[in-house]
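Which chain is which? They are A, B and C, in the order written, and residues in each are numbered from 1.
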Amino acid sequence: MTVESMSQTNHQERIGVYVCHCGTNIAGVVDVEEVARWAAEKLQRRGVIIARDYKFMCSSLGQELIENDIKELGLTRVVVAACSPHLHEQTFRTACARAGLNPYLCELVSIREQVSWVHTDTAAATEKSKAVVAGGVERVLYHEALEPLHVPIHPATMVVGGGIAGIQAALEIADAGFPVYLVEREPSIGGHMAQFDKTFPTLDCAACILTPRMVSVGTHPNITMLTWSEVTDVTGYVGNFTVTVKKKPRYINTDLCTGCGICWEKCPKKVIDEVFEAGLGYRKAVYTPFPQAVPKYPVIDHENCTYFQKGTCKACEKFCPTGAIAFEQEEEYLTLQVGNIILATGFDILDARRVAQYGYGRYANVFTSLEFERLSNAAGPTSGNIVLRDGMTVPKTVGIIHCVGSRDRNYNNYCSAICCMQSLKFAHLIHERTGATVYNFYIDIRTPAKAYDEFYQRVLGEGTIFCRGRVAEVSDVALNPGEEGKLVIQTEDTLAGRQRRIPVDMVILSVGLEPRQDAKEVAKLFGISCSADGWIIEKHPKLDPVVTMTEGILVAGCAQGPKDIPATVAQGAAAAVRVLARIQQGQISLEPVRASVNEELCSGCRICNGLCPFNAIMFHEDRMVTEINPALCQGCGTCVAACPTGAITGTVFSNEQVLAQIDGLLMHNVEPGPLEPAAPA
Amino acid sequence: MAKYIFYPGCSLTRNARAYLDSLVAINDRLGIQLDEIDDWNCCGATEYMAIHTIGAWALIGRNLAIAEQQANGSRTVMAPCSACYLNLAKTDSYMQKDAKLNEQVNAALAAGNLHYSAGSLEIRHLLDVIVNDVGLDAVKAEVVRPLSGLRIAPYYGCMIARPDPEHRWDDVEHPMALDRLLEALGAQVIDFPMKTHCCGGHMTQINTPVAYDLIRRLVHTASEYRADVIAVLCPMCQLNLDAYQPDMNRFFNTNYQIPILYFTQLMGLAFGLEPEQLGFGTEFVDARPALRRIDIEVAVAETPAGDAAPKRVKKVKEGLPMPRMPEDEETS
Amino acid sequence: MDHTPRQIFAMIRADMRDAVLKSNTPWHCVSCYYCTVRCPQEVHITDVMYTLKSMAIREKRYDETIAPDFSQSFIGYIESYGRSFEFGLATRHHLRHRLLQTPAAVPLGFGMLTKGRMDLTPQRIEHIEQLQAILSRALELEVS
């Protein structure tokens, strides 16, 4: 229907009005029967042929009322006056669809959140409700029958991040028979989990449970692993993304490389491994991060390689038995088409140098949790021996500090979820391996999941000493006998009610988890948002944790917020299932609530171009007009409001609809004269 | 010449004469002109605020009000004493943030025909002014007698760095401004772990054993790190560490003999001035042995063990690597 | 320190007003502000301690008298002269509270006098009446 075909007194439509009591939520303030009666009488000239009130419109009986009226009275429009559209617009639209009426010919106006919940004057509230209903009626006359958009879904999926979350998601999708690209920026997949020694609460060896999965990924026919690679560009929309991946040069010809390891054995250049060994160990300039790396091919670290920096050496090339060293290799760009993207980029730990009072970086024997994981790992720099920074001395007393940089407005205000269990795990390992006396300094012990609190009780039973109190400082100044040569932890033991100074040989800081350093840039690249703390924002924190606000981009694991391995795996699997559901349907239907440009009115000013939060607006240079991609448009209305010529209109919020609703609110077209008294029953 | 409105504080007139004398001796060389607040009154230290609320702020406010009127071409009030500095800074900051307090304080000041517009002055500590306004390069340029070989423990005390209402310092636990300044004088600066631990303030009058323990931990650590001198920037700290050092020694049966000098005195020495001009001789723990170390080349060590290396080695040469600290990143 | 700061807060929340104002904890605070900068909940602990002190004074509820008396002596001199007066303060404090330790303090006092670090008489500011008027007015505002 065009604007021209509508006239002020046109009442070809057959409108049904339904006013909900919502128990006493609405009826307690608004005289709902009166509103319904008023609508039936005063809005009759506008097309209202039936007006009902009912206790709970959203119930099956309430919906049936609407459905029956549509079928029996031939309604062509429906207006429901109840709660906010956020809650039940879908409900009533579906009810109409069931009865054979196009769902977009139904309008839900709020007389709860906007009337009964915010006013106490019942007379005024009732009058306002009438105006709201009138607005709905005027507006619905301009509604059009819309069909959802169908967008085909490309069957390939990209998983960004090769940690346990990404691995889980990739395997689930690949096992279901669909292709996956797994992009990982380190030389090997595995993520942080590969750095750990044991995992809580089962004390499974991390590598033992992770590496079989890594190998499955590496050998899976449906998974294309792109390690030592990064995503540089993303365009498109759900079902049809075009992603550019930069494959950094390994300087190794992977067709020839057997992973024998002679190159890194012979390489003369040793550097500190800041990534995998957390700065505690060394690697060579040509290296694989750890022995069980998948893929097994090493990479050459350009910045530290003597050949690249000075032009000499080439020891690796000399000794490689298959001639796989390829110094002249260049970076490669791949353009890939995928239907969905799962972001599983993980976390970083807090920089412990920021918490100056704990002395990390000043005192040798203060370690972070990640450093300790490497110490205790059998494949780590000390072969699993828990020793001090000198590499030799076994500590006799150890202090583990919880909540470093977490639950703290000076650093991060949130709880990092895993540190209590991790600290308990450390206590257990230290007892087991060294027989040292272990102190845990905590504020609360957070052990919510399965078998977690039992683990705490086990650690209690092993003799770990728990001191409740946030550590004030770690110092190397001896003030009392017994403190010479030790690190002294000063704290208040809140349960005993006194200050304590406890000398220890080694301090372990359970530092908090933080988003990746470049999380905000990555989010921008994919067109999604991060919270103020930097974690990727999910669509709904309780009911929809693995999807972002952008259709087609999902999130799994710690990239969404700190969590333990079971929760991470669950999220990886959940994201995979969402993707599979889409792929198997072959297409996705998108809500037809979107904006479009009337090219005749578009002046090419491009004011709207920069405003779209969903990158849905394109400009055609040749014709000097703007076009909106209906698949990306989310119908937010920003561009509609900004267009100076009014060239942009939205399907469910067109200018005509909005202006009509205003007319209704102002009661412009209401039947004049007093209301007829109610007919006797 | 950069002009500063100057708030000396009660201590500088008597107890911390050395601080004032040495500051006056070097301010020309630093290009600083001191314009003392007319008829200033005591800031109340940590005492007035323990008894009164609005009165405490009004007491400090009188000085700010007079300073605001004193047009001298500068809006910066500079205080050498940390407690005075913090009191002035806190008053200005709180009056800006709390409208009710602002009203009440100005109502009290009105009784003396005064008014202070919060935020109209910038309150800075002397160290802040020297390091950030004068600059370390200018200081280095004035050094004619580098303090080479003198091992100095920089002691900031608590109130200069905390709570830092206007965010003037890089780190409230480990500021580096004084360290850098002493390095610019050519001295060997100790990485003093207790650099901002409280000297105890007035505890010497309230609970002597506690006070002596606080003093001992500072002096003891400096001694462990083989410091010749502790450099201070607050009269209270100087009094506690210096005047009470003999009493503390008696209490613990120890024999620490570490002189406590104001950093301005050390600057004066480095600038080639004579000790007599810089207030030397007013300290309880004799500074002459330390002075000898810079008049004569380091030959005979005064320290018992005879080895000048610090007791604790921060970095382990073999073994596992240490994390890189920002200071290392600067020099590498 | 009778109670740790955390205990003081718990007592305040438990409405133990008497116990809190009688506690010597606020009087042992030297305002070094470590607590304030480190508190993860950004509670201005030092300012709370100052407030508890002035409340205890106003309601005369403190148990221990050494610290309150010291502060009150200190401010007495400020209110009379506009500047602090160490000699007067030390003498008064020792005579009132540390009579037995006075002989031990003599060498220190003597040293301060001979090194010119202490005056025997107070310094007075010129416009002391102006200061006194301001402080009077402030007191009126405090109790109103």
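Rule of thumb we're sticking to: contacts are C-beta pairs under 8 Å (C-beta built on N, C-alpha and C of every residue); 3 or more make two chains touch, one makes a residue touch a chain.
Because the structure is predicted, anything quoted here is derived from the model rather than measured.
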Longest centre-to-centre distance from subunit B, chain (CA-based): A
Contact-richer chain pair [A-B vs B-C]: B-C
Rounded Å distance, subunit A centre to subunit C centre (Cα mean): 54
Chain centre separation in whole Å, for subunit B relative to subunit A (CA means): 49
Whole-Å gap separating subunit B and subunit C, where each centre is the average of the chain's CA atoms: 22
Set of subunit C residues in contact with two or more other chains: 34, 37
Subunit B residues counted as touching two or more neighbouring chains: 173
Subunit A: positions in contact with at least two other chains: 357
In the complex with subunit C, residue positions of subunit B that touch it: 10, 13-17, 39-42, 44-55, 57-59, 61-62, 104-105, 107-114, 158-159, 162-164, 172-173, 197-198, 200-203, 205-208, 210, 243-244, 246-247, 281-284
Residues on subunit B engaged by subunit A in the complex (per definition of touch): 171, 173-174, 191, 193-194, 213, 216-217, 220-221, 224, 312, 314-316, 318-326
Residues of subunit A defined as touching subunit C within the complex: 357, 403, 407-410, 470, 472, 492, 494, 497-499
Subunit A to subunit B touching residues, read off their complex: 272, 279-282, 352-353, 356-357, 359-364, 381-382, 388-392, 475-477, 479
In the complex, subunit C residues that touch subunit A: 4, 6-7, 34, 37-38, 40-42
